[in-house]
Each structure stands twice: as structure tokens, then as C-alpha cells.
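Two complexes are shown next, each including subunit A; its partner changes from subunit B in the first to subunit C in the second.
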Partner chain A sequence: MAGIGFELRKILSEKRLFSILKAYGYSAAVSSGPWLISIISILIAGFIAKIYLKDQQIVTQFQVTITYLIAISLIFTSFFQLSFTRYIADRIFEKKINKILPNLLGAIGFNMVFGFFFIFPFALIFINSAGVLYSLLFTFSFTVLCGIWIANVVLSGLKNYKFIILSFFLSYFLILVLVFTFGKLGLNALLASFFAGHAMLFFLLAGLIIKKYPSDKLVEFDFLNGKMFRSLIFTGFFYNAAVWADKFIFWFHPQTSGHVLGFLRDSAIYDLPIFLAYLAIAPGMAVFLLRVETDFAQKYEEYYSAAREGATLAHIYKSGNEMIEAARTALIEIIRIQSIITIMLIIFSEPIFKMLDMPLLYLPLFYIDLVATQLQLFFMSLLAIMFYLDRKRSVFILTFFFLVLNVGLTFLSIELGPYFFGYGFALSLLIVSTAGMYLLNKDFERLHYETFMLQ
Partner chain B sequence: MSASVYKAAGTSIFLEIGALGALKSTSAAAQMAGFFTFHSLASALIAYAVWILLPKKYKNPKFYSFSLIFIVCFVMPLFSYIGFIVYNIILRTQKETKPLPINKANFSDIIAEKIVVHKRNYGESSLKVFALKKELPTELRLKAFLLLTELKTPESIQLIKSGLKDPNDEIRLLSFSVINRLEKELSTQIHDKISLIEKTKDKRQKAKAHKELARLYWEYIYIGLADSEYKKFILQEIEKHALSALDELKTDPFILITLGRLCLIKKDIDSAYELFKKAVYIGSPEYKTVPFLAEIHFYRKEFAKVRKIFSNHPHMRYDPQLYPIIALWEEKV
Partner chain C sequence: MINFFKKKEIDVLIVAEGTYPYIRGGVSTWIHQLITGMPDINFGIVFLGSKKEDYGDIVYDLPKNLVYLETEYLFGNSHRFEPEIMNGSNKKFEDIIKLQNWFRKKELSPMPQNIKNIDFYLKHITKKEFLYSKNSWDIIQSEYLSFTPESAFIDYFWTVRNMHSPIWNVASIASKIKCFKIVHSPSTGYAGFLGALLGFNYKKPFILTEHGIYTRERKIDMLNADWLIDNRTIFQKELGTISHIKNMWIKFFEGIGKISYEAANPIISLFENARKIQIAYGAAPEKTKVVPNGIDIEKFKKLRHLRKEKIPKVITLIGRVVPIKDIKTFIKAMRIAANRIKDIEGWIVGPENEDPDYAKECRLLVETLGLKNHIKFLGFQRVEDILPKTGILTLSSISEGMPLVVIEGFGAGVPAVTTDVGSCSQLIYGGIDEEDRKIGSAGEVVPIANPSKLAQAYIKLFENENLWEKCQSNAIKRVETYYTMEVFLNNYKNIYTEAIQNWQV
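Take a look at the complex of A and B:
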């Protein structure tokens, strides 16, 4: 995240009220820009398709297909996301910049090949009712998404966030144009539009990476030579699987789900509120990026440089305390800002729901989902700080329990009835976040000892 | 661009159309078989065309770079054609990363982050008071003694030596351990050099060891480790080893400077003067002898020459240790 960190620090150093707003704006654009653009575009694409298509079921099938593609590709590449990020970060620390491009392309190729062989039989066997073309588009879209998630690893390290946001905007704009032009041809045309947009996005992002990271090789598999941490491989999987676990359970539990297409099912009760609640954490994401990636990252760098370069003990203690203070400020500010947003949304949820023509029946679930997504944001921030402190074991344990608790408590919430829907996800996050705070507190208490004795 | 590239790209497009056509077959199995056969061939051909156009450095390792392009072409039918045209342009215009522009930084940040400032806990004079005043709390005095051990100047060693007679057990122990450690360090090095002289037959190496021995013994005198009786022996050793070194290293001015300093201690002013002059003559930088020559002129009561020798070397005033002396002689204080 160094690239954006520098840029935000530069904006903040202007020391004007406007520069703070500007920094928050950039931060929001970088942290949630691509994500907001994609969600909103898919929504609009659905609306456009609804105008043309007599069969509303096709729009649902399209939106559910996309959700599955994103969920499965994220979980599939999760084995690589964190461990490969660490691999890249280590090479940057060693100043071996020429290793980034060939290994990134190697990792993209690796994930695409395995992704293809993983998803193709799945598409063929479980969604065969939609036809061969659908299965092919499903497979190719999945493979391209795998490539995008891996390319995403180095994107945040680049300073060209304007280009990145523009790439997302253009690609999703292409999807909208194609849906508008060919949408009436049916599900395959809709999925082909989605695939075309993502193929364009892949080429744009990979092109930027190739331009920014020169090398004397195109492909290398150095990352497979035992240089990726095993714990991070599983941590990435546990986290992504945990984030999607409750959704999958709701999609496949007979009491809460409905059939959509082939093997694909959705949950009419659960999907919309959680989807809206995720949109609500955009401001918190901006604060997270600004506070963790600039303030905390800067203090972290100061502390570890002081320790590495042999500064005086007084200076090391001072930097350490400043780093702890920065972490605390970041976490408190994330809670504060997101709580304000959550409270405001709870207050104004009724008029918003009425305006969007959504049933008010969803409201209780929407409230608990708002709390859950806020807790997820907080948990994410805790994990980010723990990653900075290289507490791989703590993160591994926390994400493992997040998965186990989310699975267990979501099943329990379904058994307890509709009033408890969403509580499983929220409660699992509350438990792991509390445990995370306890572990982080312990880590900070022993910071100097661990820095010097356990290296 | 060679004709083979055009041929490969053209054929690939036809095969891709064939792959799309295969999807019109009636059975799912025929659709699959037809599509994958045509599409695989089309991907391989377009991958070949792209690979040929790649800048040379990206063609290696051949198998992997070709495979990557093939995979991308395979999973992105049709779109890969446009993508790779753009890619080729990017790869061909790729430049080395430029260094980041210089950004303004806060002065206070630099001080806080990078410059390690050595703070003085006591002034040197108060350090002496803390070390010598026995009425002060042991804790403060110990702290003062600990700071003295860091200084390693002749003055600090003298103060530590005074701690050997201190009524406080802890200070006595600390002083003893510091002095003992310093003596041990020097004697180990001396022992090594003596055994080297005994072992080696190379005259030049022997002479160098003698020179080093003279310097190590000189260290005893300089930091004030040697007591009065022992001092006599040490001075003899310095002379003995310096002269032995000089037999072989006749043009080494630093041996002459050592001998000159020895003469100064013995108050043999004239010999010292000759030795320093000779040292400069055979190549010693003049400034190395300036403080000693000034001392000689002082002993000889040639005060105008003291002032002159300093004014001839104006840069010496930037030596923080010499500055007060030079300032005095220049009547600036």
C-alpha cells in the first residue's frame, strides 16, 4: 500500500482543511471506488436488462451468476492473495523490483490454469441446464476474475490510482453499453457482456503493472520455491471462506433459499439487506485506508527503522509508543465514523427503503447486517495492523475461528428463526474482533521484547 | 513484421470463427469438441504471433513466456486479439522506473526520524563533581561513572582510576572492572604482536609489528593507565620497538612522530624538534606535527612562533579540541 500511503501523506502535508477532505475523498475512491463502481454497475445492468427482458427470472439468473463467480473466484484465489502479497512485499523490501512482474504474471498464469480446470467440470456438471455457451462463459469469466484478483495484489502499491479507478469505470461502462445493446438476446448475452468488461479490465490493469514494473523476464515461478508463508496461504482461505460462509449457508439451506439455475441458488430474504449493508461501509473503508495506511504505516516504519538502525533506546521507546497510539487512533476513528453512518442509516432506513421501493420487512435484518459489516470493517483493520506487526499466527487463529463460528452460528441462527437471521454473522465477528483486540493489546504490551528477542 | 506473423494471426481469426461456428452443432458433446479444438489451435497461433512480436528480453524463458500468452489467449477468446495489440505497444515503450521526485520534508521530522542526537546528561565538569563527591547518592555517582566509561578520554580514565580508592564498594568494583578490561584489551593485543615477531621471519612484517607495539604501549601512556614506576618501563618499550621498526621502515614518518612525542615526554626538546621536522620532511602531513611543534616553541619561550604556526594552519581551528587553544593564541578570548 506504500504508493497510496505516500500520495495521501503528500495531500495531508498541505495542512489545509480542504486537503483533509481531499485525502478522505481519494482514500474513499481508492478503498471502495472499484468495488462501488462494480456493485452499482451490476445493479444498473440488472435494471437495464429488466426493461428489455420479459422474463425477469433471467435478470435474477444473471445477478446470481455474477455473485457466484465473484464469491467462488475470491475463495479460490484466497490461497494466494495474502501469501503472494507478502511475497511481493518481501521483494520490495529487498529492493528486487525486477522480480515483481515475472512472478506476478507467473502467479496469474498459475491461478488461471488451475482455475480453468477447477471450474470447467463444475460449470459443465452443475449448470449444464443453461447450455454449453453459458458453461463456457461461466468458466472464462471465472478464470479472468482469478487473474484480476491476483493482479489486484500489486495495484494498491502503485500510485496510479486514477488510472485504476478509470479502468474500473471504463470496463463497467462497457458492460453497461453491451447490456444495453445486446441484453435483449438473453442470459448468454448478459454474461458475455460481463465477461467482455472483465477481459478489458484485466488487460488494462495488467498493462499498467507491466508498464510500472520493468523486468528482464516475462514469467517466473520463484514464489513457488518455498518463499510463501504456509500460514498465510490458509489465513487467506479462512478469511475469504468465512466472509462468504453465511451467504452460502443461506443460499443452500432449504428454509432460506430458492432455486435459480442449475446448481445455483439464492436467498431472497438474506441477499438484499447484506448487499446494502456492505455499501454502507464505504466511509469506514476510507478512514481505514487513511489512518492505517498513512498514519499507522508511517509510525510503524519509524519504529522499525529506529530498531533496525540502532537509534537510542529513548527514541525507540518514543517511536513504539507513537506507533501504538496511531493504531489506537485508527481503530477508534474507524469505529466512530462507521458508528455515525450506521446510526444515521438506522434512523433514515425507512424512508430510504420506501424510496427504493423495497419491502420494510427487510429492516430488522438490515439493522443487524449494518452492525455486522461495521464489525467486519473493524476486524479487517485489526488484521491489517496484526499483519504489519507480522503476527501471522494470531491472524491464522482468528480467521480460522471466524470461519468456524460463522458456519456454526449461522446454522444456529437459521434454526432459531427469521428474527435471528444475520445474528450468526454479526456475533461471530463480534467474538473474533474482541479476541483480536485482546491479542493486539497483548502484542503491544510485549512489543519491544518481541521486536528485539524474537527476530 | 514478418509474413509468418500475419499468416498466424489471419489463420487464428479463421479458426476462432470456426470455434464459434462449432457452438451451433446440435449435440453438446460436438459443441464442446469443436469449440475446444478450433479455439485451442487459434489460441496457439495467435500466441505464436504475439510471442514473435515480444521484445527480446521477454521471450525468455521460452516455454513459460509462450505458455502464459497461450493461457491468456485461451481464456479470453476474441478479446485477447485487441488486448495483445495494446500490450505490444506498452512493452515496446516500457522504460526503466524513474526515481521519485524530491518532496519537501519537515525539518522536525528529519530530526526526529533520522538524526540520532547524543544528548549530554551532565557537562564534563559536573561529571567530575558527581564522580568525586562522595556525599552524593550512590545511584547518581554510579551513573556518572558509567558515563565516564563511555568517554574513554585520558581525563575520564584518571577519574575512573580515582574510583579504585572509593569507599563505596559498587564504585570500586565498577572502576576495577573498567580498568581491568582496558588493560586486558591492550595486553592481549601486545601479546599477539610479540608472538607474531617471534614466529615471523619476514623482516618487514616484523618491523610493522614493532611499530604497532610502540603504538600500543603509547596507548598505555596516553590514556594514563601506567603508574609512575611502570611508566618508565613502558617508555623504554616504546623507544625499543619504535627504533626496531625504524631499522626497516626508514621512510615511515609516523615512527618518527612517536619518537618525537617520546622525547617531548622526556623533556628532550631539541631531539623532539629534529624528529618532528624530519617526519614532515619524509612525508608526514604537516598538521600532524603542529600541536607538538607549538608545544616545543612554547617550552622554548618562542611565543611569536607558536602564534605563527597556528596562523599557518587556519583549518586547525575547526578541530573542537584545538579550537580553545588556537583562539587563545589568536587573542580571540
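Take a look at the complex of A and C:
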């Protein structure tokens, strides 16, 4: 008799795969890459200029220009960073490796072209006081940075760490040499050096990517066909905008800012401590990369393959617990290491400031900034784990509140007076980190349930 | 989806699971005969398929008195919705546990009232709650841990989901059907479950006719299913035990079988043995009844005149090329028979598209055994063209209900050699009553999966023309007495009339 029974075979073999696994590997790009690059650029550029140039005003102009270039290019490409990373991760998961190169080049081109047309009028109109050449260099540097941020999406997956580090080293060495040789010629020469170095970096990275991802096509715009997650587009923007929100507010608030060049302003009181504080999270960053991207990622992979490839429930429970344990260890260790650093820096900050010849007036702000940047690192780690678990909704909400809180509380801190500067940023991070921990805890409690039932 | 509704009252609504009008076969033919045989009764069909892509177009000329046709799929994507986190309620899930305990019980006990009620599925415990709620997850986990903690959880999980989801789909299909007088299902399974729900909820008579025994056929499917990976190690496997997942399917079909038996009256089978099995599976004896199939005898009478003087050395197997028909045993038997009778031919008449892998294996076997000149795969053919050229009609199935082709063969004067399944021995040796037995044998019945016995029977009939002729005349006598369309249709007319009368009282 021809019954349905005969069809059962097809039905079971249809076992839907875990969509969650697709997310694998798109957390690294959250921020660690661009973040390191930008902090290093800003500080190195500043110090180099300071050592070789006598004119303090030009140094400030150069440093502020670079800060703006990085901030605006990061925010501009933020719509793409996460969603496009996910797009690439999905293609890797589907084993459609030949889709990667053309779409990556497509996305780089897309961002650079739009970046160029977005920034060019801005540079011409708002920063015209420095001259047309400056505006052009500003535009080119911005465009090349946009390209680098998008290329960064696949860097962590390439595993060619030596070549990548060498590229960065060579590019920054080039900047150093150029600044040393032509720096005396003024702001435009400094900016040209910055551009040349980053252009070289961009081409080195692009070359590596083209070599590593074979494809029969060069450029494609498949990623624009609705294959990127809308929530990630906004999450990327919220996060980047939030990270820079307090800085921009301080740069443009009349009480805390000063004019530098054209439209560009800075905040003499706010900027130095916070960028120094960012330097201090380098050790925590290393722990983050090691614990989250290595230990946790491995446990994560084990858990989902156990679930997918027919392990017993007992084994699935065990792998799940190991994964949760790995996440816990990562978060605790980041807090622990970074707290030691923070405490040490607080204790030794006076001698350090004296040694660097910086006014002690900055100290209270520096303390709170140390706490804030530590929290930012912690928050970043939480987000990374959530990305692995594919909690797009939670991450969307958290980053949205990070932006709203940072804007609101930063304004409030300015109203409350200099003693509260920096507290807005720190408090907003404290709130979203706590909320993030709460959500992650909930997710882990429901881990197996969500893994199996919600598909 | 409702294909058409001719705005006439539906007298009899037939629930066809994976058969009429999309797939040809015994049950489909039976349904078609029933409808065309009673032009003054309006029929409706609800077709329950697995997934849309598994079926092609309608393959029958639909009769005028088929006034309603609805096509539904049980496993398709149409019933899916966005997952969401749900807690579910403990109270409701206590009901589920109670139900499970009832299903597991070996002895008969009164059926819980709630499973008879459509609202139980649509309002009380919704499909969404089954799929996504935390409570449901807890049950799945604890069941797994207590019954089969060593098996692949992912397989267990999807088995539970795939098995039960159609229940809700059936309930929602049931809630949309309203105007009919009688519901009639030619099987238990999901179709029987739909029939039962319709019967319970609209207080209409539900008639069940079982061609094979659905529950048993699913059991055979499961035991043969190599697609369910049994990942127990050699140490965990006791000889002869089957994996829990296979067992779950078997138990599930037994469970929904019980519901059909509870709801249906009468419970009809095609032959006495089948009736006994139904009782063993939980059908109340007083509700059971035997109604054999019938054929249009005039049509087959004519075929007898087309036969040649000489008995054709052709053995024909009419049936779909699928494992349950055990075509491979037939092929092996042909090898043995061909060694003795050089000009013997075996024809396999039936579609090969249902299980392409199996069909391929069969063709390969023919080649391996060097039978290319002896065996022909003819695909689907009109039986009227085939029977006059046939010397022996055969079936090597491991399971059958009442195979219509054997009766048709008898009508056309072709003796049969079959395996001992379903009603075959009743057809060939007689068994309806004493008179029937006196007629004598119309061929031979052999054990299943035994190529040499099968071959011996072929050889015996072909080498002894007197015996063949005796079998032929017995076959003709038996079919004209017991298995005509008139007898068949009269039986069902009476059953329908009775059902409506009883219901109106």
C-alpha cells in the first residue's frame, strides 16, 4: 500500500542544520583589529611628531586630524563591519570560498567609493582653512582607511600572522621615515606620510587576501542582495558610534573644547587621559584574544559539533558546560588581569605623569578613564561571546543602549562639572556590561533548550 | 488547499493518505472503483501527502460524483512559524504525560477524552507549544534519558518532532472540514486519525477499511529502514533488539491506530486473517467486518477469449518496484526457473519511481544473474493488455492486503503463485466459507523470501498442463462466486446506508 510511511526517510534526512554554527568566527572583527590599529596610529603619530617637530600647534593639528580620520572612517564603515563579517562567515560555512574574494573586493570598493564622495565635500567645505592639498590628503586618507577596515574583516581568518604583522610594521616604519625626512615641511607633509603608510598597508593586505582566496571572479555585489542581517548593520553602527560618542561630545561642547583646524576641534582636558587609558588595556586585549578567540571558540566548536553530529545528551551537556566554563574563565581572567593593571597604574600614576611631563591635573580623569576602558574591554568580550552564540537581538539592544547612555550620561557629566568628566562614559559601560552579563547568564541557563528547540 | 468543491452535499468523505488521486496502486484503484461504482452518491476526497514535492499531477480521470477534493501535506513547510522562547504551562504538560502513559499501556483502557477533541490540539496544547516551549523540551530530555540515553540525541530529537508535528497539522485540517455525512478512511495512520477526529468532533459516522494492516506495514518499513542509523555499539546491542527510535515509530503508529479503532464503526478488513490482526491490535471484535474487494467481471471475462491455445511461458509480477514487494526474490526465483525452462519470461509491471534506488538495485540484480533475456521491466501497463499474455501471475511480497491483481488475474483466467501474505492463501485455496474451499486451488502459495519454493511452483505449473488448466477453472469459478464488483458495491452501499440510519437515530 502506498502510504506516507515510505516518505519518512526523506523527512528525517532533512534534519535542519544549526543556523547558529553559521555565526562561527565573526566575533574577532568586532573591534579588536581596528581598535589596536587606531590607538597605535594616533599615539605613534603624536609621539613621532612631538619628537621631531618644534611647532606644538602643528603636532596637535596632525594628531587631531588623524583622530578624526579614524573616528569618522570607523563610524562610516560600521554599517558594514559586522554584517559583512557575518556574510563572509556564512559563505565560509557554506564552503562557498570562491564567493569571498569578489564580494570582499566589492565591499571594499563600495565603501571606498562612497567614502570618497561622502568625505570629499566635507573636507573641502569644513576644513578649507588648511588648503586644498590638505583637503585632498584628508579625503584620500579617509578612503584608504575605509578600505582597511573592511579588509580587516577577513584578516583574523587568514592565519598569516607573520605577514600581517610585518605589513603593519613596514607601513608604520614607512610613516616614521617619511615624518622624519619631510616632517619639517609642515602639516601636509605629515598627513601625506600618514596616507602613504596606510596606502602601503592597504595594498599589502589586499595582495595577501587576493592570494589567499582564489576565485574566478574579481568583483561581485552578492552581499547587497539582502544576505546581510539588518540587525547587525545597526549593531555595528551603534557600537562604533557609542565608542566615539563621548569623545565627540567633549570635542564640540563649548565648555570643554577648543578650535584646532577648520571644523575640527579637540578637548584639551579630555583627550590625553582617555587615549593613555586605552593604551593600558593592551594586556587585557591579549587575554581576550587568547581566552575568547582561542579557548572559548574551541569549546564552542566542540559543543555544536557534539549537538550536530549525533552525540548523546550526556555528552552534549558536558560539552555545553565546558563551553560555559570557558566563557566564565575568559571573562574572569580579563577582569582579573586588567584590574591588576588598573590598580598598578593608579598607584604609580603620579611618578609616571611626572616622568612624561604631564600635568597632575589630569589624574582624577585618568583614573576613571582607566576603569572605563577596562569596562569597555569587558563589554567587548561579552559581545564577542554573544556573537558566537548568535544572539543578534541581545547584542543589538545592548549596543543601542550603550549609544543612548553614553550620549546622555556624557552630557550630564559635563553639566555636573569637571570632577564628573569621564564618569558618563564609565557609567554607561558599567550599565551595559551588567545588563550583558545578565543576558548572557540567561542564555547560558537556556543553552541546550535554545540550541535545539528554537529552530 | 481545496482543489475544487462542486457545492453539492458530500455524502462520503474519503481520507486518502498518500494514494488517490496522485499515486496509482491497490488502494487508489479501490477508491476509484468505489466512487465510480456508486454514481448516485456524492464523494469527497481529502488527500494527505507527505510533502508537496513528493507528488506529481492527478493520475486518475476524476468521476463526476467526486464533488470535493482537498490536497494537504503533513510534513511541508506550510505549517512552520518563527521560533520563540516560550515557557509553557505545567498543568498542560501533565495532560501530555497522562496521554503518553495511556499510549504506552499494553492492555486496553478507556481512551482519555481530550485527545478526541480538536480544540485540545488547536487551543489547549498548540503546535507552537509543542515545538518551542520549555516544558516540551523538558519532556523530550527526560524521555530520552530514561529510554535511550546512549543514542544520538539529534536523531531522537528530530524523530520526536517529525513524528508528532503532523498530529497538529491533521487537527488543523480537521477543523476546516465541516459538511459531510460519513467519513471513510482506507487506512489507520494519519488518515485514520483525521477520520477519527472528524467523527468525534462533528458526531458523524467514521468507517475504517484497512487494506493492509497499516501498523504492521509501518513496522516492516521500520525494520527494513537502513536510513535510521543504529549507532549502538556491538556491546550495547542485544541480538534481535531494535533501536529505540525505530521502536518509537512503531509505537506511534500503534498509538494512532488505537485512536482510529476507537472512533471507527464498522472496522472493515478484506479477509479473515486481517480481521484477527485488527482485533489483536485493539479493535473491538463486534465492530469488525470482512468485505472482500471485487472486480468488474465482464471486463475480464472478455480477456479469456484473447488467450492463445498454448499456455504462454510468461510469469507476470504486477506491482510497484519497492522493497515491500520483494522484487529481488522474484528475480532470484526466475534464475532457478530459467535453468529448467529455457523460454520462460518474467515481466515486472509497475512504476519504478517510488524508490529509484531499489529499482536500480533490481535491474542490477537482473544483470548480475544474467537474466537480461528472461526478465523485462515494463513499467506501468494496462492489466488488460498484460493478462492475456500471462501464464502465471505472481506476487513475491512480504506484505499484502487483498491484492486486486490476483483477483483480476483469476477473472482473466490466470492462475497465481504468491507468497503467504495477506489474503493470498484465502484467494488461492479458498477460505471465505466451506463452499469456497471445495472449489480447490487456483495456483500455489509459498513462504516469503524463498526463491527456490517460488521457482518450484512456477515449474510445477508450467510442466503440468492439466494442473494448470484445473487451477484456471478453479480461479474463474472462485472469482465469479465471491469477488465481483456487484457483491463489493452492494456491501458498501449497505454499510453507508446503515451508517447514516444509525447516526440519524
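Everything below uses one rule, namely that the second predicted complex is superposed on the first by the 400 of 455 C-alpha atoms of A that agree within 3 Å, B and C clash if a C-alpha of one lies under 4 Å from a C-alpha of the other, contacts with A are read in each partner's own complex, and residues count from 1 in each chain.
Everything below uses one rule, namely that contacts are C-beta pairs under 8 Å (C-beta built on N, C-alpha and C of every residue); 3 or more make two chains touch, one makes a residue touch a chain.
As the structure is a computational prediction, the values presented were derived from the model and not from experiment.
When the two complexes are superposed, the chain touching more residues of subunit A, out of subunit B and subunit C, is B. By the document's definition of touching, of the two partners only subunit B reaches A:Ala199; subunit C does not.
In the superposition on chain A, contact is made by A:Ala307 with subunit C only, not with subunit B.
When both complexes are overlaid on chain A, the residue A:Val144 reaches subunit B alone and has no touch with subunit C. Legend: residue contacts after superposition of the two complexes on their common chain; A:Met355 is shown touching neither subunit B nor subunit C. Residue contacts after overlaying the shared chain place A:Asn128 against subunit B, while subunit C stays out of touching range. The residues of subunit A shared by its contacts with subunit B and with subunit C are 10, 13, 310-312.
Residues of subunit C touching subunit A in their complex: 17-19, 23, 25-28, 48-51, 54, 74-75, 83-85, 131-134, 136-137, 141, 144-145, 149-155, 157-159, 162, 187, 189-190, 211-212, 214, 217-218, 221, 225, 227-229, 231, 249, 253, 320, 322, 354-355, 401. Across the interface of their complex, subunit A is touched by residues 23, 28, 31-32, 35, 54, 57-61, 64-65, 67-68, 71-72, 74-77, 79-80, 82-83, 86-87, 90-91, 94-97, 103-104, 106, 112-113, 116, 118 of subunit B.
Subunit A contributes residues 1-13, 15, 307-314, 316, 446, 448-450, 452-455 to its touches with subunit C in the complex. Those residues of subunit A lying in contact with subunit B across their complex are 10, 13, 97, 105-106, 108-109, 112-113, 116, 128, 131-133, 136, 140, 143-144, 147, 196, 199-200, 202-203, 206-207, 210-214, 216-221, 302, 305-306, 310-312, 315.
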